[in-house]
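Chain naming follows the written order as A, B, C and D, and within any one chain the residues start at number 1.
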Amino acid sequence: MTVISDSSLTFSRSELMAVELSKRLRNDDVTVMGTASAIPQIACRLAQLTHAPDLFSIAGGTCSVNPHLAPVVPSCGDYDLLRADTSLSLNDVVLLEGRADVLTVFFAGGLQIDQYGNCNLVAVGDYSHPALRGPGTVGLPFLSRVGRVLIYTQSHNARTFVEHVDFLSGPGFLQGPSSWQAASLPGGGPQLVVTPLCTMGFDPETLRMRLETVHPGVEVDQVRAATGFELIIPSSIPVTPEPTAEQLSVLRKLDTNGLLKGK
Amino acid sequence: MTVISDSSLTFSRSELMAVELSKRLRNDDVTVMGTASAIPQIACRLAQLTHAPDLFSIAGGTCSVNPHLAPVVPSCGDYDLLRADTSLSLNDVVLLEGRADVLTVFFAGGLQIDQYGNCNLVAVGDYSHPALRGPGTVGLPFLSRVGRVLIYTQSHNARTFVEHVDFLSGPGFLQGPSSWQAASLPGGGPQLVVTPLCTMGFDPETLRMRLETVHPGVEVDQVRAATGFELIIPSSIPVTPEPTAEQLSVLRKLDTNGLLKGK
Amino acid sequence: MSKVLSLPEAVDRFVPDGVGLVSVGGMHLHNNPMALVREVIRQNRRIKRLLTSPCGALNAELLIAAGLIDEIATSYVGFEHIGLAPSFRRGIEAGSLKILECDEAYITHGLYAGAGGLPFVALPKGIEFTDIPKVNKENYSFTTDPFTGDEVPVGAPLKPDVALLHAYQADAQGNAVVAGAHFVDRYMALASKTVLLQVEQIVSTKEISKHPQGTTIPGFLVHAVIEAPGGCYPTASHGAYEFDHQAIVEYLGMAKDDDGAKGYISKFVTDLSEQEYLEKAAERLEELRYGSGPLAVALSDRKG
Amino acid sequence: MSKVLSLPEAVDRFVPDGVGLVSVGGMHLHNNPMALVREVIRQNRRIKRLLTSPCGALNAELLIAAGLIDEIATSYVGFEHIGLAPSFRRGIEAGSLKILECDEAYITHGLYAGAGGLPFVALPKGIEFTDIPKVNKENYSFTTDPFTGDEVPVGAPLKPDVALLHAYQADAQGNAVVAGAHFVDRYMALASKTVLLQVEQIVSTKEISKHPQGTTIPGFLVHAVIEAPGGCYPTASHGAYEFDHQAIVEYLGMAKDDDGAKGYISKFVTDLSEQEYLEKAAERLEELRYGSGPLAVALSDRKG
């Protein structure tokens, strides 16, 4: 249990991650999330209840839109998620995932994430004889089409953040600027990476990952050491703002199951 | 009002047509019908209530399966048709229409029908400057895929039954045996044509239309004169059996709106 | 953020004169978004191309009668058991209306492709034995099936600029309940850039979310919600009222030539506001309203 | 004609040993047709290829643990927030399980193509920038978009020989109600040659037709109806009961190696009849049953 408590507020790293994701959401966004999505689910509900009341959010398993659920549940396929504004079918959502003009935000992750934000949920090592077989890519190829990709992971270490993914299952900025431009994909690519240590963005020139903020109590060197590629580190790195009392209060009313608590 | 009444039974030509179609339906059939389908709708219900209780029948507009409706309604898109065993979506039915292994019977018709059972619902005359613009083909291209095509029309004259359709919008046996074999279509092609004058089948060798029965009170020469191509006429032509008292009784309980009455 | 607009505002804002591809919902005499159609006529907005569901009816016919359509993509326009569509028929016979000849499967799969960003859709075997792909090379073509090496027919994706649709209920955000058959309306909503939705009734989000499984059009697809009770008349509104057979017969009687059709348009559309039109129809609408029979009970959870 | 069969009869008749492509319904820990899966294991029927929904879980994992699967076509097998699927993972790492790597969009559109007799399906731009088409040339390929001249990615149609599915209710003819999320189960039913349907409850046709808009699987697609109350356990059955987190954790605890997984199979599947298994689970099932909260009320028309 890693609780950050260097202020009057006390919050978990997962709660901070949800708040950071939430802050990146806009009032006109339509977001989709997939498997095991407690953090983005809470981020979306938090945004709806604070600065983005008109945001639409799709739970990728049941495909319900704007589930009303509190407490938030860990499985994206839960029957209770059908208590919602609208029900789509999985087929509908897959259709919409073909369209960058409709869905604006997808929450992604990976067993491996590389410096260009490419994700791998398939296999670590040689594909034919993998050292670690992942669960599979589900909808990650859709990353290439959606408006903005927000990446989150609860593992910030050099096994997850690698120079090159062993298997590209969710396209980020591909092999960098020239390949990204040549592909002329409809999506805007990855915009943010949130981990238990920090938030990272992408340098507009090189499209490589760049440190943006370190979470309270985390050192820049700690992030550098936990990252398996050369992270761009600007000279001045602010500390990630702590969640406000209001954000924490709203979040905890949603998370009475304590999915994010103490993690 | 053309009522056939040369026996103790009195029935309309449309009622006889519905009964004749009904007799061609089997207990394991899955039938589909489209626009303005009172006759096939009643044929299917009649079959279900007599010799084919397990037959499934899809109303092509609402896409409900086995509508319970009595009285039968003239529009295939009617809200009341949703009172049924199952509801499919139009998209589901269009998908199934891609599959000859699932849907076994389609009821077809045309502004023009040629000797090979090809149908035309699009245009009579030159396509660019048609003498008569038809409503359009809707699902008729599906004729090439469905198990058995049953054609019905309330117009038996030389404008409807033509040597060649001016526009092929619903494939029958195409240009005859060699083109039909070369096409190797999944469907079984047209099997029956029912009109107010007679029933016709197709000669297995030439795939051309062949007179099967003439309705009570109709002369063979009358059929010949009303047909715009050389109809195959076997030496002996039976008279179409009159509907039984049971058939008429069931039919009229379904058709209390009198859609088939007196036509 | 409320998307509720008045009928004139919605059309004025989202249906520019000379708009590209407009899809109009409903099928046969059911769920035609006639309030929107009438308002497009009142505002005299020309439409380059009109796309119908597999079976268009009064929705397409009136726009053609008003002289607003350059070209129509359809697989059927007519009045089912009641008769042919006179203005559609005359327009094509006279050459004043162009047509992109389609079939039902292509319209349905083409909207699926448009909805999903699929570059095109491969079609089931059969259409190549008809004359349809020969006369519509813009929507139909052929390519190689790389799995078998066969040449197969394919259809272009359908991506309307604007969809004119009807639903039973919606909330102010555009989350909507389709009460009866969905026809291809939901796919039109998914495939179109801009969606105008007329509804019998606007209800609260709380009310609409009581039946999440019946609420199948999400608000984020919808740009304008127009409360138009009776707005499908004289066609049927599933869950609300039947179509008016005698009103269709009256139209067909008047529209026997172009002047007659224009006379109908003046008398029933342009000379009246939508409210005045519906006031005249009010008595018939009451007669056509669904009662409380078995279906009304079975589907009562769809009602307001 | 009744299609009702006992669980052993249905599997014996319709799942021959060495069957080609079997699709198994449900997604994540929801609506997995576990009674059918357990019976396939009891009868030791080898499956050449197993196709999951975009997210397989215990449905695929147990068949793999039992050593019955040669090759799996999937875009995910796992236990979501609870953990990875140990037998799936070990099988692929060891090379004993072959995989046709898929993504969610292909599985969904591929079933659509299979359902509709489409020769193949063109896929939205993007998949070609992943490594997936490189390692699965059987399901993914490229062809020319004749409308633009571009080379585009395409997927082969998915046409399972047999589908193993769960629904909430069915009548004896196989007309079935899916109570909650449909996932891709309906498309599996549409695309598969033979459909085996396990349900919580068999009801009369009269009962099922009270809710025609909720009855979305038509009987003509279904070959066997098996009454299996509790038959999704330990996964959830939408409308009936939640998944059993602790039972999944127990499986993951036992399945840390092949012997442990086999031990689980013996203890919970092959050493017991389905009835004996469910008798042991009865108490847990009662605890997991949905109460009468707002959703239960909202969806009450889906219940028996």
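One rule holds in what follows: a contact is a pair of C-beta atoms (placed from the backbone, for glycine too) under 8 Å apart; a residue touches a chain by one contact, two chains touch by 3 or more.
Just so it is clear, the structure is predicted and the values come from calculations on it, not from any experiment.
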Pair joined by the larger number of C-beta contacts - B-C, B-D: B-C
Separation of mean Cα positions, chain C and chain B [Å, integer]: 28
Gap in Å, rounded to a whole number, between the CA centres of chain B and chain A: 57
Centre distance in Å when chain C and chain D are each reduced to the mean of their C-alpha atoms: 37
Chain B and chain D, separation of their C-alpha mean positions in angstrom: 39
Interface hub residues of chain A, defined as touching at least two other chains: 64, 82-83, 87, 94, 97-99, 145, 186
Per-residue multi-chain contacts in chain C, two or more chains: 109, 112, 116-118, 124-125, 212-214, 298-299
Category of the chain touch graph - line, ring, star, complete, other: other
Pairs of chains found to touch, sorted by chain label: A-C, A-D, B-C, B-D, C-D
Residue numbers on chain B that touch chain D, as the complex places them: 27, 30, 54, 56, 64-65, 68, 82-88, 92, 94-102, 145, 186
Residues of chain D touching chain A in the complex: 27-30, 54-55, 74-78, 80-81, 84-85, 88-89, 92-93, 95, 101-105, 108-109, 112, 124-127, 129-132, 135, 180-184, 187, 236, 238-239, 242-243, 290, 294-295, 298-299
Chain A partner contacts - residues on chain C that touch it in the complex: 1, 112, 115-118, 171, 173, 175, 186, 190, 193, 205, 208-209, 212-221
Complex contacts: residues of chain A adjacent to chain D: 35-36, 38, 61-64, 74-80, 82-83, 87, 89-91, 94, 97-99, 121-123, 127-145, 167-171, 174, 183, 185-187
Chain C partner contacts - residues on chain D that touch it in the complex: 109, 112-113, 116-125, 141-148, 150, 152, 154, 156, 210-214, 298-299, 301-302
